[in-house]
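Okay, so subunit A shows up in both of these, paired with subunit B first and subunit C after.
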Partner chain A sequence: MTTTPILRLRGIDKSFGAVQVLHDVSFDVRPGEVTALVGDNGAGKSTLVKCIGGIHPIDGGEYWFDGERVQVHSPREAAALGVEIVYQDLALCDNLDIVQNMFLGREKRRGLVLDDTTMEEMAARTLEGLSVRTVTSIRQQVSSLSGGQRQTVAIAKAVLWNSKVVVLDEPTAALGVAQTAQVLELVRRLADNGLAVVLISHNMNDVFAVSDRIAALYLGRMAAQVSTSDVTYSQVVELITSGRSGDLGLAHSNGVTA
Partner chain B sequence: MTAAVVPEKPELPHGPGTPKKNGAAGAASLRSAARNYVDRVRGGELGALPAVLGLIVLCVFFAVLRPVFLSELNFANLLTQGAGSIAIAMGLVFVLLLGEIDLSAGYASGVCAAVLAILLTDHGWPWYGAAGAAILTGTVIGLVLGLLVAKVGIPSFVVTLAAFLGFQGIVLMLLKEGTNISIRDDTILAVANNNLPPALGWVLLAVSVGAYAAIQLRRSRNRRRRGLAPAPTALLAVRIGGLAALGAIAVHLLNQERSRNVIVDSLKGVPIVVPVIGVLLVAGTFLLQRTSFGLHIYAVGGNAEAARRAGINVAAIRTSAFVICSSLAAVGGIIAASRGNSVDPNTGGSNVLLLAVGAAVIGGTSLFGGRGRIVDAVLGGMVVAVIQNGMGLMGYSSGVKYAVTGSVLLVAAGVDALSRRRAVRR
Partner chain C sequence: MKAGPSQEEIRRHNLGTLLRHVHIGGSMSRAVLAERMGLNRSTILGLVSELGAAGLVREELPRETGRAGRPSLVVRPESDRVYVLAFDVGVDRMSAARIGLGGVFLDRREIPVLPGPRDAGKVAEVLAGCALDMVGAARRGTHCVGVAAAVRGTVRRSDGLVRAAPYLGWEDEEFGEDLMRRLGLGLPVSVGNEASLGALAEHLRGAGTGCQDLVYLHGDIGIGGGVVTGGQLLGGDCGYGGEIGHMVVNPRDGRPCGCGARGCLEAEAGERALLEAARRDPSSTGREAVHAVVEAADRGDIVARAALRDVGDWLGIGVANLVNVLNPRTVVFGGTLREVFLGAAAQIRSRINRLALTASRENLRLRVGELGDDAVLVGAAELAFSEILVGPLETLARAGARTA
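Now for the complex of A and B:
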């Protein structure tokens, strides 16, 4: 417990109609750390992320940010706090260049005219801060980029706005080996730069490679949130598949009776 | 996105944070700029290249077969013939950039021309009032079409197909079942029929080239001061010099006497429609390339979902593209009315829309959205005008002209589809 969490969720409930997707979920995210969010399909990872990002309003529970209790009702409010989410489909415009994509919807202007120079400078500085060296020109169109480079651009876009928490939804799912390594390196660098990073992943290798902490969801409940160094690969798999592993996890293995 | 195991490009010494020093020789940077361009073309971004090549080939072809094609008189005719559909095509570029279509732009221009003619001739309005009312009519038409597409959610193809039929009817009603209203207002008639005094042509050219050079050099100096890689000086020189040279040749040719009978009527100078189109070109290019609004048009055309998530009001962008399209169609209608000296039910009808869409697409604007520039409308419009004009000089019938223009449009759309596939495959 070296640092205090910047984002703290307590007792989050979320239902869609009659289906309760999240039960009493608590979740902490600390600056300077990569927190891996794992769980089987349908465990509620995406719902939790959308609650954090303000896309789904929470039904019950508390959302604490930087020591203050806040209400987040829209993506805009989440962004204003400094929470940025990079979804799996990246949401980039292929026909625009890297700088234009990074500033889309929040362009810098001088009067009526786009201030291209300032935007290019800021984009270059951000990419430099992330030690990104894989793009030849930040004025090239996104359509000419590889999958890993696109992911890099999407992450850089999220970092550009002095964000404090960056949530990455399966950033390596569609990538090859070399590109996965590069993106993971970038994820690690984000945390080393002092950001709080949430990494959603199905890939245990990725999780153990970069995360400081692992949070495992099981059927809509937080089974455990532990330090990566305290658990083994197979313990995490057990947490994902049955909600408990030895002393860790939910009191009842089916997780539904509580 | 594919999951192929492709290693990233090797690390390059010039990362984004280390701008290239401009100490290199101008020739080398020019060569690298040329190489970048070739790379882009190979990657499927053809831009205006096919239109420029096509224009050169067609001009050489017609010039060899019919030397009169190159006469000053014909050159001036070419410009005034193309102007109306170029204005409509410029508006269509905005709609095409969104991946939408406006089939009613031709008849919208007809409705606006009819409004112009009625106010001028039947009600005796001054030219500026009538022209303003005509353009306002276009704006309202665009607003209605845009709201139906963006807010109600009817596909633009259907909305504008319905409007295509509807406007045809409205033109007939406005013109009392097909009578022809002639236009006698000198100012409106001057637009497509009169020429600038030769000296004014030179002054306008000098001002345009000077302004272009000033803007380019200022931007370049600004970038260098901020430590960003500026465009190579040699490339700037080529661009500015090219514009000046082409402009000078055109103005010189147009300033020659082209009247067959000088005693009756002197005919020389740049046609007034040329600066009119020039102003629209500059304004449209500024809007699309230098403002947030323009960027958002490209963004919505490229990935509407990404634009929505970035906080862009997608419906407002869609609506305004239709507003701009129909307003420019109104300008096209005014030019057509001026050129025809009258407005009849065929103004803006028959093949006007198809030629305008053809102009935009031949110029390099993609039918799939997200790619295109205003200058495409001018280049493509010139290609269409050259085909129509050249084949007319060679004595071909309208039937052959239409068939050939149709084929060229098909080829242009094919190039667009293939280059897009090439860009996506990577």
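Now for the complex of A and C:
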């Protein structure tokens, strides 16, 4: 069952001064699927994500969203399309509670005052929709939450806005086994609810446990984007470390894809 | 030859179907019910009022629609009016729960026990005691409409005889009969295999909701299996089907299995195989011990990693075979296999991708159980609910007559 991609990048180039970071990158993200984005340090994962999120303008190439070619120049424009990114640092404020964090900068107002009731309801409904049972009160301060719970709040914040694409940058990197399991289940549920999810991870078990597709970046090029049901662990490792594996991946080091 | 079903039979069938929809799907409007059942709205109205008069469902305003306009009423199950008793005879604990229509836990008891053989009479006595305690605490005017118990073993479908449950040292135990006598509620006790019931639970209320073909693997002392195919639980000729743990994957030089064979999936990928490969203290068993291995592997312990890789390899081989034979849409890992799956997913998936046929595996979804440790109890409750969902009014009338 192949759905059409909601996000489609074609021939993306990105340089910082003389340093070329992304070269001719194509990338598809489909609704209802988890697309794992893998690659070595410096392969260009973070840059690609920042291009998707509108933080870095792209130098060349096409950005298609929901069948239309779009220009994305700022995070606000990306958010308007329905693209949300959860960065590793989560960008949560310790001194605020869960509801305040989820609406930070986008508070609901009733006249001049904040509409706390609506915000609480929306936050509660979002957390419930994600079957989050680990948070006892939505008025809890974020400083009192565990790493897994923080990640959960950050993800809930991203899906609160009817987003269509959610990009998660290493959501399990700093977590223990039990909390990793919780976050992975949440990641899976997002996609099963119909969202398009991009998961950046270095942990191959996480990648194989939840992803439907794997996209491997190698030195700023997209080595391959394959179905998780078609590859083995060693093939993915080869794609990450050498850009090719058997028939898969980059044909030559000059970037001609097979 | 019998003529078509009578009016009365059709009505009974429709009442049961409607009740099943709200029992499994939760509150829904009459319009949604009409659409799902393919009946017209006036028929639905009649059915709802009949079930409402019997006190099985209630119509009320939805909590919140988020849409403008007058909200339409939703039909919801009366969870505290009719309930079932569900039991799970686990390895290190026994559980009993009183579960209301709609699958709501109304009350529950957990009794920790030491792993090892247990007298069937004692088990029935303890569980019956818990159950009667919970029944006594239930509100007046509520009815128990079914009882079911789960054991890790082979259970004969026709009469619920537990043919073998090695972890308890049981052989041909009339456990259901005994439990029924001790409860004295006048209700038969259905007995089922724990993983089959887990499969049913994940199919109806968990990771396999809406999926008609799934395989459920339940890890605790061994590996239990349950198969749902075409929306039906696979039982085989006598009900012993689905013993995935005893699928032989390594017959020549495999590890000996408790069943007497060699190289069963359970022997190669079960708890004992994992703990031995990780060179754990033989006295530590159970979920904490499995958790400790997965955690050690996560921290980088190479012995634990190698153990998980080996076990993942065998699990992958097992699942690849199942995928080729059954072509499931979803394979659900429950019990301790949930953690094992998350810790060895790369190995498991790679094996499946290398061994299973392309066409059979391309849409395969691997999932962890959503119901956690409750899957077995939830499945037992669904077994106990089966009667009222076939003939709601008759079952309720019988329950009423017993209580009166």
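To be clear about the criterion, the second predicted complex is superposed on the first by the 251 of 258 C-alpha atoms of A that agree within 3 Å, B and C clash if a C-alpha of one lies under 4 Å from a C-alpha of the other, contacts with A are read in each partner's own complex, and residues count from 1 in each chain.
Definition applied: a contact is a pair of C-beta atoms (placed from the backbone, for glycine too) under 8 Å apart; a residue touches a chain by one contact, two chains touch by 3 or more.
This structure is a prediction, so every number in the text was calculated from the model and none was measured.
Visitor: Is A:91 contacted by the first partner subunit B, the second partner subunit C, both or neither?
Guide: The first partner, subunit B, only.
Visitor: For A:4, select first, second, both or neither according to whether it touches subunit B, subunit C, the two together, or no partner.
Guide: neither
Visitor: With the two structures laid over each other on chain A, which partner does A:143 touch: subunit B (first), subunit C (second), both, or neither?
Guide: After superposing on A, A:143 lies in contact with subunit B but is clear of subunit C.
Visitor: Look at A:71 in the shared chain and tell me whether it touches subunit B only, subunit C only, both, or neither; answer first, second, both or neither.
Guide: Neither subunit B nor subunit C is touched by A:71.
Visitor: Report for A:241: first if it touches subunit B alone, second if subunit C alone, otherwise both or neither.
Guide: neither
Visitor: For A:112, select first, second, both or neither according to whether it touches subunit B, subunit C, the two together, or no partner.
Guide: A:112 contacts subunit B only, not subunit C.
Visitor: Between subunit B (first) and subunit C (second), which, if any, makes contact with A:176: first, second, both or neither?
Guide: Both subunit B and subunit C are touched by A:176.
Visitor: Of the two partners subunit B and subunit C, which one touches more residues belonging to subunit A?
Guide: B
Visitor: Does the superposition put A:132 against subunit B (first), subunit C (second), both, or neither?
Guide: In the superposition, A:132 contacts subunit B only.
Visitor: Share the list of subunit A residues that count as touching for subunit B in one structure and for subunit C in the other.
Guide: Touching subunit B in the first complex and subunit C in the second, residues 121, 176-178 of subunit A appear in both lists.
Visitor: Which subunit A residues qualify as touching subunit B in the complex?
Guide: 75-76, 89, 91-96, 100, 104-107, 109, 112-114, 117, 120-121, 123-125, 127-128, 132-138, 141, 143-144, 146-150, 174-179, 182
Visitor: Please name which positions on subunit C make contact with subunit A in the complex.
Guide: Touch residues, subunit C against subunit A: 64, 291, 294-295, 298, 338-339, 341-350, 352-354, 358, 361-364, 366-368, 370.
Visitor: Please give the residue numbers of subunit A that touch subunit C in the complex, ascending.
Guide: By the definition above, subunit A touches subunit C via 1, 121, 131, 176-178, 180-181, 184-185, 188, 204-209, 227-234.
Visitor: Name, in rising order, each residue of subunit B that touches subunit A in their complex.
Guide: The contact residues of subunit B facing subunit A are 1-9, 11-12, 14-17, 19, 43, 45, 222-223, 226-228, 290-292, 295-296, 298-299, 301-303, 305-307, 309-312, 370-371, 423-424, 426.
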